[in-house]
Amino acid sequence: MADKPATVTINLDGVDVDVAAGQPLIEAAQKAGTYIPRFCYHSRLEPAGMCRACLVEVEGPRGTALVPSCTTPVGDGMVVHTKSDTVEKAQAGVLEFLLANHPLDCPVCDKGGECPLQDQAFAFGAGESRYVEEKRHFEKPIDISDLILLDRERCILCSRCTRFSEDISGDPLIEFKDRGNYVQVITFPDEPFASYFSGNTVQICPVGALTAKPYRFKARPWDLEAVESVSLVDTIHSKVSVQASQNEIIRIYGVDNDATNHGWLSDKDRFVHDHIYAEDRITRPLIRENGDFREATWAEAISLVGERLGSFDGAKVAGIGGARSTNEDAYAFSKFLRSVVGTPHLDAQVGDGLDAKFAAAVTPRAEIGDLETAKTILLWGPDLKEELPVLYLRVRRAATHLGAKLVIVHPRRTGLDGVATHSITYRPGTGPDLLRKLAAGDGDYAAVRDTLSEGPVVALVGRAGLGEDPDLAEAVAAFAVDLPDAKVMPLLRRGNVFGALDMGVAPTLLPGRVDVDDASGRSALEAAWGSLPEGPGLDATGILTGLAEGELGALVLNGADPVRDHPTPSVARAGLDSAEFIVAFEMFMSDSAAYADVIFPVAGLGEVEGTATNIEGRVQKINRIVPPSGMARPVWSIIDDLALAMGSEFGAASAEAVGDEITRVAPAYAGVAWDRLSWGEGRDGFVLPTADGSQPLEYTPVDRSVPIVSGHRILHTARVLYDDGVIVRHSSGIAGLAPAAAAHLHPRDASVLALAEGDLITLTVDGEVTLPVVIDPSLVEGTVYVPFNLASTAGLGAVGTLRIDAVRGGDA
Amino acid sequence: MSSTWSTENQQRAEEVLGKYPEKRSAVMPLLYIAALEHGYVSNDAMREVAELTGLTSAQVQSVASFYTMYYREPVGKYVVSVCTSISCYLRGADDVLAAIEEEAGVLDGETTPDGLISVEHVECSGACGGAPAVSVNWELIEGLEPDKARDLIKWLREAKPEVVFGDEMQLLFGGRPSFDWGPKEIEGAIAPLPAFSPYGTAKGEKR
Amino acid sequence: MTDKILLSRMEAHPADSNTIARYLDTGGYTALRKALSKMEPADVAAEVKASNIRGRGGASFPTGVKWGFLPPDTRPRYLVINGDESEPGTFKDRMLLERDPHQLVEGIIVSAYALDVHQAFVYIRGEYPKPARRLQRAIDEAYEAGYLGDDILGSGFDLDVTVHLGGGAYICGEETALLSSLEGRRGEPRIKPPFPAIEGLYAKPTIVNNVETISNVPWIINNGGATYAAIGPETSSGTRVMSLSGHVNKPGDYEVVAGLTWRDLIYDIGGGILDDRELKAWVPGGASAPWFVPAEHLDTPVTIDDIAKQGSMIGSGAVIVMNDSTNVVGAAHRLVRFFSHESCGQCTPCREGTTWLERILARILDGYGRPEDIGLLLDVSDNISPGLRWPPAMTTICPLGPSATAPVVSMMRYFRDEVEAMIPGGHGEVADGR
């Protein structure tokens, strides 16, 4: 691991202190207990040294000079004065300058009460302003995107937002304009600040210049309660502060940590929260009666489900879902299905993921932090900007600030190509072939192969598109593990899917990453649970096919929507159609829940507590801040009742009790009791396995991939950040942000088919959709790209032979 | 390569892009070429420069707006820039500006309704020894008195030269220069941007 | 007095001093031949160092010392010539570019050879199309003659020179702002260190030198560094082109050897005060420099050190003379307005402070001054440049902000009663002119 940082001694206001070398003075002083005012400085941005609020005096060979402490690195023997008369006057002077043009609208400003300008003016300022001239005027808040408002009169030109957008997110859409006294921050006319990361600028704006529309006028900071938690929007599990006023969640802020997100969030993480207040949220149990749903009491719904599930032979029941759950909920789900119902058929994925053992237990597994030291990063998988945006930021940082070389393999241009050393595009289906050439360093790939030979290597592997065979990812990983000093990170995107897999919501895994075929693991679990069905079960596709073919009879859906998410929707529909009984744990009437016989309303974001496991296998604590809406309940407690109704007493008094049971039953989780996750080093969670003595699965990927023999043109379909899933659709802030869907064609394909931009074509794979054509030279010839699961592309599916019918040809 | 520019301007853009180790460095010359193509640095012009350099339009706007010579609003065929910095001020520049405003019939920062003449005051033009100084499309005239300044405006209005030459205007309207200008200059300005190849210059034929 | 170094050709051959024919005819490109055929790059650098020449761009930093800062192993390196000349009062580089561009081109080639540079840029302010054209023509001629391009004069040394026009921004004269601008960014100064010699253009080692500085290089190589060093006082060696403007009878560019007095410069060379009036004050080294007044400074010598000792600077060599008709508030306002207009806007004290000063001065000029404005002007200045000393203490990234306080402080120091007289209710006498 990293060497212990060297220290230097500085004299800070007359006291010698030892501080870590290489850091800016402003940080060192703060760690030593002296806060120096600042506006432009932000620990996660490159220092700009332009607001000049942080001036201090440093003694030098030519006397004492005022220097900005944010751009001055500490040096051994440095003598620093932060409270001399000169410093105090200079700092007060800067504050007076900043306030000269700042409006006095604090009472109506969202930032009022948590405003660094307000606070520091109070602490370091002189009081009265002597500025009697006319202040700068700008049109009061203007929309610069669907989410962000800009008030240029309040702006103090610290450039945090512009530096974030340019350096961190790579979306330089908000910039300084004009010069001197006329400088303002602004977008280009008709080109809004449409960045997936725009909300971060609101959070780091030291005044109320940038505000978020969803939060505007919602609350005053002093009315807010907050809890630390993690975002389950994707598998990064970014650390967040969930903030509520009067029992209503109104804001999510990023929390800085080294482990995952550096404080940054995607706008989806940030603005997703109000789906829990959507009008059509299911807040009472529903029972199907004469084709319609009616509301029911919990007692009625539980006993009905207990009775119906009990009427099936255990092995004819199956469960799908769990990625939206906490680990505790997923564990209860797993335990219930396996030990009470008696089925081995359960899967947290819906045919769109990776092999469960690979995803849960690949060794050596990379942590996000490994990106900080990687020399080479191989990314063969999804477009991170669309699917794992915060991981995109970390990879981008590695490539732009830390000198890592990035190799991207993807069917089309991705958000990271601009910073990649090599980016390779390929036709879906030809991956195995490409991998062989790459591994051999054939022809054009020699340079890429050379780059990959420089370790440490971090390989990020997943399915580049939903039509891609999951075995390919494993083949890539099998190649990558042999690279110098290599580690692999399997890329899955959905919420707590890694936690659910770890809890045994997988056909081949038992809780704690134990192989279903591991005899000693089985017997330990059997002892704890009382009973355990034999052998590996069916995966999601197998379950749906089994239902369709009558081999299975009942299905328990836990926050899963296979109709929308399965790569072959017809398989999902056929399965759900044929099931004799379906119970769904849900917040919304999803396309799949619509097939259910009973729906249990479940608690959601901010309403539950528990733990979750992220993409690196890091377990962190999720905290609750508001009570569940209506009669919604956490999954574990519903299951507790259900088990009882079916004659088994789980007896879990709380989510924490379930958590305790996990630490006892699931080998890899032995060391992560809740109380360890709330304090000190545990606040950032622990990467499993942390326990000794237990023997969780270690999985070495194998190359099982076979080249696909493909038709003339191949569909590439992949997710975009704002899709038409139930959560996004019900989050008012971001619901409207889904892009207009289109069929992307390579220019030559378009010309062969006599199609022009904007022409309508009908695509048929599993289902059929009609879309306008977009000419996209970033594709490989012979590929058609369509975003997955937008309102207008749902049902197309991802796997199968692609047919293209022109609806309307070019104008000519 | 952006498609809407004239072939000539596209060639100019190519030439400029070839001069620098990094594309971004070509932003400023490309903005001048864009001004030549679009008449001023319009939003479309900035968009095209963005495309040529791989920047966002917001970045190009940020650069363009930093400088005073990229006019982001339409300006007249002739931009008359009156230096009012210290040395010219001491030598009567404010009177020259007033005379020009009056003769042109527009105020500092405005353009005549016929789109012919824009008047602006500028900071130091580097002609302090020949103060007060005025330039037309960045072709300089030194030692200009208020009356001569009026004549200059009249002349522009009447002669409407396609190309303006500093030497010619100095001869007609100028006074004491900062230094002996030496030989006759052969190139002049064809638009309100610096007459420098590959943009904005024409060789004088009959000179 | 020594013969002129920089202006001799243009004075002797006014009709064609800018052409290659005349340049060759008057000993041009002999320094280049000498350097390429007889000298190692290090020898060339050693001559420049021995000349003791100090930069003519404003900071008066010894050129040879600066060159020595280049890290030995990093390539590419760049040479950038600063022709942004926008400091009010300064117009010497314009003349050098228009009238003797080959002198600069030869200086560039020889310097690039000394520095192992293969690409040089000349950044010329956008308002200088004619100087840029003249230089470009000289460069084209030099390419044709084999003085530029690949394998110059068969020596194996390659060099390309690109002329880059600015877009109207004084701050791009500050060397790091210039480099930002040349990279296609806003002309915002960068935090130093790192200095350009370590991390400059495209983050590569870069030497930035003024047009006049480099124009001296051919002479230094032809005549030897020691010969150059022997001209004038030890720490102000060589000749310097000074720009005289304002209320003198003969404004213009004059090449002088340091050591003459201000009286010599203003009365003899400058032909005395305009309209036969009294000398009131002058700016000794460009708009950024604190003013001098006859009672204290007229008979002091014009050298870098003497001026510095008296609390001002020679800067870019621009002398702006004000006679007794000058309204000091008006003059100070024009100077401060310039800095406010040209502030890049990064630093709070510069962006807000210069504009505030400008507003107060404008208000006083408009007759709305308040008694407290006197103290306010000084205190706002003090918040931009604490202590109001010389050289100025800085609260900013570059010296532009502090520069704006020089006129205010000078005005208050020498003419406080005139300022007070302009404030309603104040007393004293206001000057009659502008």
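As written, the chain order gives the labels A, B and C, with residue 1 at the start of each chain.
Heads up, the rule we're going with is that a contact is a pair of C-beta atoms (placed from the backbone, for glycine too) under 8 Å apart; a residue touches a chain by one contact, two chains touch by 3 or more.
Note that this is a predicted model, so its numbers are computed, not measured.
J.: How would one label the connectivity among the chains shown: line, ring, star, complete, or other?
T.: complete
J.: When the contacting C-beta pairs are counted for A-C and for B-C, which pair yields the higher total?
T.: Top pair by contacting C-beta pairs is B-C.
J.: Where centres are the averaged C-alpha coordinates, which chain has the largest centre distance to chain C?
T.: Greatest centre separation from chain C goes to chain A.
J.: Using CA atom averages as chain centres, what separation in Å is found between chain A and chain B?
T.: Distance between chain centres, rounded to whole Å: 52 Å.
J.: For chain A and chain C, let me know how many angstrom lie between their CA-based centres, rounded off.
T.: Each chain's C-alpha centroid was found; their separation is 54 Å.
J.: Could you give the separation in Å between the centres of chain B and chain C, each centre being the mean of its C-alpha atoms?
T.: Those two chain centres are 24 Å apart.
J.: Which positions in chain C are in touch with at least two other chains?
T.: 169, 186, 341-342, 344
J.: Going by the contact rule already set, what residues in chain A reach two or more other chains?
T.: Residues 176, 178-179.
J.: Give me the residues of chain B that touch two or more other chains.
T.: Expected reply: 55, 62, 66-67.
J.: Along chain A, where are the residues that touch chain B in the complex?
T.: Touch list, chain A to chain B: 166, 171-179, 186-191.
J.: Which residues of chain C touch chain A once you look at their complex with the stated criterion?
T.: Those residues of chain C that touch chain A are 169, 186, 191, 340-349, 351-356, 359-360, 363, 372, 376, 382-384, 386-387, 393-397.
J.: So in the complex, the part of chain B that touches chain C is made up of which residues?
T.: Checking each residue of chain B against chain C gives 19-29, 31-32, 53, 55, 62-64, 66-70, 81, 84-87, 89-92, 94, 122-131, 135, 138-140, 166, 176, 178-183, 185, 187, 189, 194-197, 200-201.
J.: If we count contacts the way the header does, which residues on chain A are in touch with chain C in the complex?
T.: That would be residues 47-53, 55, 65-66, 68, 71, 86, 89-90, 93-94, 96-98, 100-101, 130-131, 133, 156-157, 159, 176, 178-183 of chain A.
J.: Once bound in the complex, which stretches of chain B touch chain A?
T.: Residues of chain B touching chain A: 43, 46-47, 55-59, 61-62, 65-67.
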